[in-house]
Amino acid sequence: MSITNTHSSRGPSSRRSPREFFSSLRGWLPVAPFVGFVTVFLLMPAAVVFQKAFVRVDEPTAPMIEAITGQYRKSFIFSMQLSAITAVLGVVFGTMVAASIVRLGHRRGLRNAMTGYSAVAANLGGIPLAFAFLAALGMQGLLTKILKTSGIDLVGMGFRISNFWGIVVVYLYFQIPLMTLVMLPAIDGLKVTWREAAANLGAGDRQYWRLVALPLLLPSLIAGFLLLFANAFAAYATAYALSSGSSKLVPVQIRFFLQGDTITGKTNLGYALAAWMVIIMTVSMTGFLLLRRRAERWRR
Amino acid sequence: MDYCESMKKHTSRVRVLRGFAVFAAAGLLISACGSGDSSSDTSGSDTTAAATDTSCPDAALIDAANAEGQVNLIALPDNWANYGGILQSFRDKYPGIKNPVANPDASSADELTAVETLKGQPDMPDALDVSPAISQEVDTKGLWEPYKPCGWDEIPDVMKDADGKWVAAYYGIMAIGTNTTIVSDAPDSFAALKDPKYKGLVSLNGDPREAGAAFAAVMAASIANGGSFDDILPGIKYFAELKKLGNLAGTDVTEAGVISGETPVWLDWTYNYPGLEPKLIENGITWAIRVPTDGVYGGFYAQGGVVGSPNPNAAKLWINHIISDEGALGFLKGGAIPARFDALVAAGKVSEEQMINLPAPELIAGITFPTPAQIKAAKEILAAQWGPLVADQ
Amino acid sequence: MKRRNILAKLVLVAVGLFYVLPMISMARFAFQRVPVALLGWNNLFDRWTIRPLFTMMGNPIFQEAAFLSVRLAVLSAMLTLIILVPTVVYVHVSMMRARALVEVISVLPFVVPAIALVVGISGAFRELAPWFIRSDYSLVPFYVIIALPYTFRSIDNGLSSIDVKTLVDASRSLGASWTRTMWSVIVPNIRVSVVTASFLTMTVVLGEFTIASLLLKETLPLILAQSQGQDPQGSFAVGLVLLIMTASLLGLANRFSRRRNITQPVAML
């Protein structure tokens, strides 16, 4: 009926003639530049990585297999552990922050400040972030010293920013804001009317959260988890700055092979590691997308 | 290809348009070559040494380099062995030639990538300064442009490639630096680093699987613990123990970390410390540098021109410069030992105060370098064992 | 009700401290020439200096890098909008089925981590189109790609919250051309999304390091990283200033919202 709806002019039960097929194909044409752009600048380089990962140069085992055996298997497991833990913690704290922002939504400035900073913090990483934490909580950190004068000796208690949990804390700096940004629209979508309806039907606070809000938020929560997981998995600059020499993370290993000064001639292994990373991320992001669509069903 | 040969080849590459003067100059030099090795004359008298320096590199090369007007350099931080000073002295000597440095913090592997990525383009690197490991790779890929700079014969054999593909203009020794403002007792040996009072305070400059300086530290530790150039395993085990004791901190050594005191005890090349001095003084920090008594390990970096680069003559001039007296003295100031150190000392060109940043002469005299084959074997053991023994614990 | 408000405030204060304290520590390091070990009540206010900031900013190399990054940021933002807005408008107006595909594509940059992308770029473009890599502006398309997940979300959300079809119908039936419709009708209605998407792209550009490093372009993040070796205090000082600037810009972007319905601001993700 409307001039923009060019595809509903025939009834649903009619067979599509070749002309209709082509005209529907033509409908995809305006999307082509976008697809083409992404293909050239993203998919092509990715394809190169995969192509090189399958090249074997007189090695006993194919690089793709070697990349997931022995110490590299441990690296993948460790990377996934770190990513999973920071993702879970990020989900919990990020959701709490998002909920708090919505709760205090009448303060416009607060929301703008938090979202603005969250967008920047979510992209932060690498040496500046690592150093900021070292400056705060490292052996010579400002906060470490302040706490020490107040009687809490972090160093003596064995806390080190370069330990596993120290790195988790630093990762949370960009995981929490990312989750906040993901959950804000979801929590916004919990319409006040539903809460009122639940109250009308006699549901208390706890019941509302357990039976109404949580199931509605669940897809977003899981989607957020997967996003945070992928985010942490790809990060390495921060962890490297904090614990070089002990690094078991996969992206750091890739660096050794492809950009390092010591190990040479093992670039295929580096590409294989990168290829496996892409595979893991694909699985993760597919889950994210599917869950996201589910979540959005209620938002519209 | 000896120096005279390369001269002839260079002449044939020069465009005919250059003219008569070039051939005349080349002819002069070739006849000089014919009368015996030019560099062997220098050990005779001081004045001849000076004469050799001004007649070599010859005017033709300088003209050609001036015509190119620029030499593209890469990965030369100002604070590394006083490259800042050496770059400046090059500019002072040849005012018509610019020497921009791309990406000063690039690793040696990044340099190789840059050469391959920028092939055929005007900003392709003309000369490289890379670790021995990467130098092998550059050689395998046939990217070194062979050239024997002036003073070739005064360079020890281990510090140059027989075919002139690369030359090592300087070397350093692995040393322990201590921020004495925070840690009053500076350790002076690998054994001393195991002392409980250094708990959580010792750092490596990067990961040995990736960074040349850290790799060298492991080799040095190996020597200190009964290993050798052929056996890096004791070094790996030493660091495993250091980590188990809790002495090895994970934090990467950066200038920021040194100034903030986060890494008060760290292992690095002797020539990386003088560059930190101004900042340390500014922040009120005192420091001490000690070469470990139980493990003396020297290491060099390889420099050379790149095949097919846009400014080959300027590149040759640059290589000449870093080997020359000015270059050598610049390295000395930075705490590195120049390749022609012995010849310079014999010719009386090095004063006491110029040696102030260097380790003791006895130490320098005793340094030997591992062969490329030994380095390759050691890297493989490291790649296989560092992860399981050290990183994963 | 009240109790929950207090809880919300506590959470935000705690998180706020978590965000701010490390930055304050870094600022203290950058602007005070006293190591923490020697810091005490007596010299708490000693040796503070803003000089690192000015030394850094006065450096011509830094200035060139800053100009380059600004140029790249503007171009990337423009390219993002040119590619995204028509595509997403078209999808919303004519071809909702394509939305799933476009959404999937927009998330792909997350799938290929920077370190893998970097080696792929080197391999793919080195042989095929070396002339492309030579230009400084070759970074622009990659920046657009990296920012894509965020920018698509922003534009998509903006278009979802207005009735695009009706607007387009009305505009077209009044005789406006497609270009006129886009420019004068649609874009003003998604002003917040457009501004947010632009700022997000710029944030990415001002923070991206890996690809610029591979292609040897001297961008601002690269110079900052390099100068951590020469002048760490200056580098961190400038880094902090950049951080505050970008956060303020992004926070301000939301202020442009004309919407009175405060529970439906434009989400960024």
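We call the chains A, B and C, going by the order they appear; numbering starts again at 1 in every chain.
Keep this in mind: a contact is a pair of C-beta atoms (placed from the backbone, for glycine too) under 8 Å apart; a residue touches a chain by one contact, two chains touch by 3 or more.
Note that the structure is predicted; figures quoted are calculated from it, not measured.
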| item | value |
| --- | --- |
| Chain labels contacting chain A and also chain C | B |
| Identity of the chain that, by mean CA position, is farthest from chain A | B |
| Between the pairs A-B and B-C, the one where more C-beta pairs touch | A-B |
| Whole-Å gap separating chain A and chain C, where each centre is the average of the chain's CA atoms | 16 |
| Whole-Å gap separating chain B and chain C, where each centre is the average of the chain's CA atoms | 40 |
| Chain B, residues touching no fewer than two other chains | 110, 113, 182, 254, 256, 260-261 |
| Shared-contact residues (touching 2 or more other chains) in chain A | 127, 131, 135, 140, 255, 258 |
| For chain C, residues that touch 2 or more chains besides their own | 29, 35-37, 225, 228, 232, 236 |
| Interface residues, chain C side, partner chain B - complex | 29, 33-38, 47, 122, 126, 130, 133-134, 213-216, 218, 222, 225-226, 228-233, 236 |
| Contact set on chain B toward chain A in their complex | 107-110, 113, 130-131, 133-134, 136-137, 182, 200-201, 203-204, 206-212, 214-215, 239, 243, 248-252, 254, 256-257, 260-262, 379, 382-384, 387-388, 390-392 |
| List of chain B residues in touch with chain C within their complex | 74, 77-79, 102-106, 110, 113-114, 116-121, 123, 181-182, 254-256, 259-261, 279, 282-285 |
| Chain A contact footprint on chain C (complex, rising order) | 4-5, 7-9, 11-12, 15, 18-19, 21-26, 28-29, 35-37, 39, 83-84, 86-87, 90-91, 93-95, 98, 100-105, 107-117, 119-121, 123-125, 141-142, 144-145, 148, 150, 157, 160, 165, 168-169, 172-173, 200, 203-204, 207, 209, 225, 228, 232, 236, 239, 243, 246-255, 262-265, 267-269 |
| Residue ranges of chain A touching chain C (in the complex, touch as defined) | 2-7, 27-28, 30-31, 33-35, 37-38, 40-49, 52, 93, 96-97, 99-106, 108, 110-117, 119-121, 123-124, 126-129, 131-133, 135-137, 140-145, 172-173, 176-178, 181-182, 184-185, 188, 192, 227, 230-231, 233-234, 236-237, 251, 254-255, 258, 270-271, 274-275, 277-278, 281-282, 285, 288-289, 293, 300 |
